[in-house]
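You will see two complexes here that share subunit A, one where it goes with subunit B and one where it goes with subunit C.
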Partner chain A sequence: MSSDYEISDNEGDYYDSDEMMEDYQNDDQDEDDMEMDDYNDDFRINTGPKRKSYEVDYTSLSQSSVEESLKEDVDHICGILGVDPAVAALLLRHQGWNKESLIEKYMETPTKVLVDSGAAVPEPAREPIVRAHSVDRSAAGPSSRRAIRSNSKLLSSLTLPTRSSAQKSISSPAASASKFRKDAKSSEEPESFVCPICFDDSPELKPVALDCGHSACSGCWNAYTISKIRDEGEHCIRCMTEGCAIVAPDDFVHNILVSDAAPPGSDTNENLVAWTRFQELLVRSFVSSNSKLKFCPYPGCTNTVSCPSATSKSVLTTMVPIVSCGAKGIPRSANDKKPAPSSPSGITSLYDKEHVFCFGCPIESDHRPVVCGVARLWLKKCEDDSETANWIKSNTKECSKCQSTIEKNGGCNHMTCKKCKYEFCWVCMGPWSEHGTAWYSCNRYDEKGGIEARDAQSRSRASLERYLHYYNRWANHEQSAKLSVELYAKTEKKMEDMQITSDLTWIEVQFMKKAVEEVEKCRMTLKWTYAMAYYLARGNEKDLFEDNQRDLEKAVEDLSELLESPIETENIPVLRQKVTDKTVYVQKRNEIVLEDTATGFLDGRWKWNVSVDGFEDPAEEVRID
Partner chain B sequence: MDARLRRVNKEIADCKKDRTSNISLELIDNSPFHLRGSFPGPEDTPYQGGHFEVDIIIPDSYPFQPVKMKFLTKVYHPNVSSASGAICLDILKDAWSPVLTLKSTLISLQSLLCSPEPNDPQDAEVAKHYTTSKGSFEETARYWTHIYAGGPGAKDPKGSKNIRDEVAIAGLENAHVDQFEGLGFPRNKVIDVLRRLNYRGANVAQISEDRVVEELLKS
Partner chain C sequence: MTSISSRRLAKELMEIKNEGCPVGINLVQADDFSTWLFTIEVMGESLYQNEKFTLQFRFDQQYPISSPAVQFVVTEGRQAPVHPHVYSNGHICASILGNEWSPVLSVIAVCVTLQSMLASCKEKHRPVDNDRYVKHAPENPKKTRFHYDDDTV
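== the complex of A and B ==
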């Protein structure tokens, strides 16, 4: 949002100066600018001059563009705090990418922030341990080197093979790390470098260390880094030494995995995979700590969606932020990832579903028109209740006195409620006492007690019936949507054949595809209208909602039927006309439903019969018993 | 040579050389990746005089992932499962660092015995015992050291008996067990329920007899 405003501000200035100079060109200018604006936002999916009230503004970002904004943040911090980019990145990561809080804290206690982030060694620094028995912690020396030093400067001198002789490279971590330390160390420099991790002492071994000077051979660093990234999904790679909190900066990770410094024996492919994963993890951590961003939940997708208007919890009661990252389908393996959404992937089959998801809640599909809170409530209820409710409905009755649910487990109709000890007849639900000595005197329907009992039972049954009414319709639409897509796969084949045999063009046989897509979309809307209707409080508003729902449902069923009518070459033009007309009508009805509910949420028109987070609690009388 | 094998061999050799730490490592079924480590119980603790054995499995990604360790000797300790020997220690999990060795990890286990961490327990019942009545806990830990780790006899004269005293193993008072056994419940059941309810020290006053009987009837 904010960036949009900035752009329009600039434009405003531009117009002003323009108007003064060449007034007559103003109209042209205006149009050009509008187009320019569109081009600038080339990731925007949801274009179009007038956004519908049930849609939200969002932007889809590829991994590289998130990396860019991540880099912008880092550069911003570099500029303000005057630290190296590598250090700034570590600081930001430690502060959960919160620039404001980082700057504030850094201004107060720079050293503490640096140490906490793993960017600097704590002030009374420990003598670096280069010898094999590194667990020996008594070696803490009195060295007082400066705490704040750039990670990356040190790094470059360490990881690049600058020293030619093996003998020299032994002392390189200590020697090149800082001149302060060199003198202190020289007296006790070891004969040859032994990696404290793998205990290798071959002369080709290249010691590598972070700012703390705890060196290990590059092979171990490589294996350690890969193990952290791949097995633990960790982007914060700490020094291997116990108790050392120094974190490896990004260029160190890069060097140890995919540059000249990577150990010669390591698996190049594995290194590359780990490096890619590392970048992904960084982006993920950035995205997850920014409330304006959400990672696309579809498997294998690396896109991110930015939706600044849906960040606060309170707006979720007035809107349904359904977004799409723009990518389609699911890659077969993680290796062949879909290209960024900007590159059009040509013709896609209906199975290559667009990555549509809700920005406000974890539901990975379009749950319009109903808001997140109610949608979640419904899904939870379905998860808990549906199967059980169906079983209860067909196998049990409620005790007419205490309403406990009873399953009949024998042949005799003389039932005794286990809970309240009420004795009744399973057939008429009346009290057993009225049956007298005769076994089945309940053949008389109008028996008074029986009617009362049935009333009581039917009341408690009603709520179950009511739930099942909505649930069955909900489930049916889901099922039908699936089936219509399957049916289309067959039709599509037929249409293609027809295109070859007849003189119809490709574009002329596309009407079916469009219709099926529309049907599927509308069935999704319908599905969720049942979830909404279940929770809507009784009243005029609900009646109107159900009218709209009925109109859409009727239209969708008609179109569905049309789609299943036999296809003959001669009746294609007629069918095409019918289907196209109906598709347009259905589309309109769908928009009406979505539009009306969306404005309803904005106006606060909908009232619920249960308490929903963020809404007023329902009045007593509208609650379902 | 494989870096992992080289490292483990070196660690085993180092451990053999070192006479001061009293820590020993031996191979199980001739693989250097499945070991048995042992160390003496630390002095001035209930574990003093015991000999504790630990099962060690070196994972494929060692030393970048921690070794898997569990006690083979039964230990009465809040951070060790009294049933399986599983150990709750940070360096065996997320605080592991590749510079730690088998020896240093075993030393850490030894020091874990010195300083229990009842707020992060592996065995909740033992931890409860520790927090309600430290004296009684130590007595039980000493008794376990005696019977399972070959430690010296407990101060309590009961310890000298040859048969294992189930009441002492559970860390309970004989009088309490006798009291409920007197009501006609089997002895092992009484021990089980009292242990579960942590019927020790100050807790005894808080748990009513009815509650105990109720539990006894339930099981």
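== the complex of A and C ==
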């Protein structure tokens, strides 16, 4: 039974996400941002039948398109629950944007849900306030109250969706927009208003209150709201009164920051910054609670990526969801001081790197071909072990009985293990008892005990050696990829030289740039193949994998060498031919590695020598450490 | 912003001068709008009979949007009360001075709350992590992120 239910649930999800995707694409096309459109075209080619097995379906969304889908959710809730959009937004925020759970909970205890999410005042406190403003309330009619009072109406709206949507369209935008001013007017009734925050009592003071009726002047509300948003990064702005849990709806925040209601003395620029930040915080909260979405981790970027195919943890064992948010480089503001060096012909410089990251894990780079679980395992190991391992290797030995690692910092060769009390000789590693009376000199190399101990020693060293073998290659490629910035600068210079010394045009010397880019890309792949190879269980599969790795590495190093070679005018055409050929070849090899690994994951071909989340535990004989 | 904080403090000061402080609380010094000092004692039956403490308030430009920095003075022979929420350096762990601060609260409201915090104390002892905290505590108690776990005292 339960599995049936789950299936139907998933279908609903798929339907939902498809709809969402379409909307986003339409939305993007509407934008007259050229880059975005270009990107979308690329994207469509990728998703077509030609999509490689190591690539993943995704859509990149701007902040405004996420806002759009956020608004859709709000409208959806408005339609079903028959509440104001502002109230619906508060409800959704409190329930972590989970529509299903919100509707379910709201059906059970509407009042509690409203109070918990700060959209309504709890019962005892509410009654007197409502009475005091009764004339005003009935006119303004915030439908949150209506919803609390009549459950029957709510149920009927559920069964008759058409009616509820009609109801919604009447009450939504106008009502919520006017509410702000209505509230302001309602509390203006008393002849002299003294703001309880700043104690100002000048007649032109504008009292402002949320549904709870706790008024303060607009200046204080403004300062409070800004401090909450800017200093605390908070999108849930509560009433200032102690113990009051009412939360300011979005239109209230908008009004207090950027509209006629914003206090006259306040800093317009600061207001605007706070409002922008508030919208961003909302989007972030929406994105972080939706498993199909992920916020771009690059600093200053506000884009989001939707990748519905990589939401479940189990799928991460068969694919590597590397995505790009579509933006490039660092946003202008952060870049102002130092304009990115770009050549007159307007080629994209290295500073305009695409924002590539992994949808499935926190790694902020392309870790193909290796899956998230293994990549994380490797990074963790490197973090913990590399330097330590190097030091251990050169400074310590293991006790031949209990394998504790021992550093000898003085004294004679007669060692007594602190842990297991085993007595042995530091020089030959054999048991001390065999040394008899030959104190402090070890000339017993060929004794049986010593040989056995040294064997054990070398076995334990072997695992360290093995790790360092992979780590050094990994680190090497990482280092080379970093150096590619320099290589790039050098290459640009070479490209210019080439134009001068030969009759090649700018377009014709682009082969250098392409080669550099390809080398960098392949080094990233190579880097991660070492992480993968370290954890791959021995066998034919691993041999094949390492063959592919070796071919790619050879090709990349060849191309690298060509790029570094000095340019002589007479052999430019030859060089050009060579580099172009090699680039194409390298590209092919890289694709083979990626493609083969990706299909391997899909077929479940790869076996590990350690236990990896989501994979079968390795058989005993292939376990390494 | 400056005007809000100083206007509000001026108003609070005026109210204190006109109406006086609640019993057991006395204004000692309020020469400017950055630091005020009060003495505080617990009236009636309590563990702190005949003890008098000095309370220091420090205000920033964002007051009352941001909370004042409040602590007991522990210099010149003055002591902080021995209380499970008061550290020996005078810092106070009270939610209304941290995340439950509301701009509607005032200096006097804080004094009264702290007074009742002392009055309801059942057992005189320092917070469990006193030594560790005092060793590394920042000068300004607002820089500490307290974890509020006990609502009883």
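As a working rule, the second predicted complex is superposed on the first by the 436 of 625 C-alpha atoms of A that agree within 3 Å, B and C clash if a C-alpha of one lies under 4 Å from a C-alpha of the other, contacts with A are read in each partner's own complex, and residues count from 1 in each chain.
The criterion applied here is as follows: a residue touches a chain if its C-beta (ideal position, glycine included) is under 8 Å from a C-beta of that chain, and two chains touch if they have at least 3 such contacts.
Note that the coordinates shown come from a computational prediction; the quantities given were computed from them, not determined experimentally.
Novice: Record, for the superposition on subunit A, whether partners subunit B and subunit C clash or fit.
Specialist: Partners clash after overlay.
Novice: If we overlay the two complexes on their shared chain A, which of subunit B and subunit C does A:196 touch? Say first, second, both or neither.
Specialist: Both partners, subunit B and subunit C.
Novice: Of the two partner chains, subunit B (first) and subunit C (second), which one does A:219 touch, if any: first, second, both, or neither?
Specialist: In the superposed model, A:219 contacts both subunit B and subunit C.
Novice: Looking at A:240, would you say it contacts subunit B, subunit C, both, or neither? Reply first, second, both or neither.
Specialist: Both: A:240 reaches subunit B and subunit C.
Novice: Would you sort A:227 into first (subunit B), second (subunit C), both or neither based on which partner it touches?
Specialist: Both partners, subunit B and subunit C.
Novice: Looking at subunit A, which of its residues have contacts with both subunit B and subunit C?
Specialist: Touching subunit B in the first complex and subunit C in the second, residues 196-200, 214, 216, 219-220, 223-224, 227, 231, 240-243 of subunit A appear in both lists.
Novice: Residues of subunit C touching subunit A in their complex?
Specialist: So the residues of subunit C in touch with subunit A come to 1, 4, 7-8, 11-12, 62, 64-66, 96, 100, 102-105.
Novice: Using the touch definition up top, name the residues of subunit B that touch subunit A in the complex.
Specialist: For this pair, the touching residues of subunit B are 3-4, 6-7, 10, 61, 63-65, 91, 95, 97-101, 103-104.
Novice: Could you pull out which subunit A residues touch subunit C in their complex?
Specialist: Against subunit C, subunit A makes touches at 196-200, 214, 216, 219-220, 223-224, 227, 231, 240-243.
Novice: Per the contact definition, I'd like the list of subunit A residues that touch subunit B in the complex.
Specialist: That would be residues 134-135, 196-200, 214, 216, 219-220, 223-224, 227-228, 231, 240-244 of subunit A.
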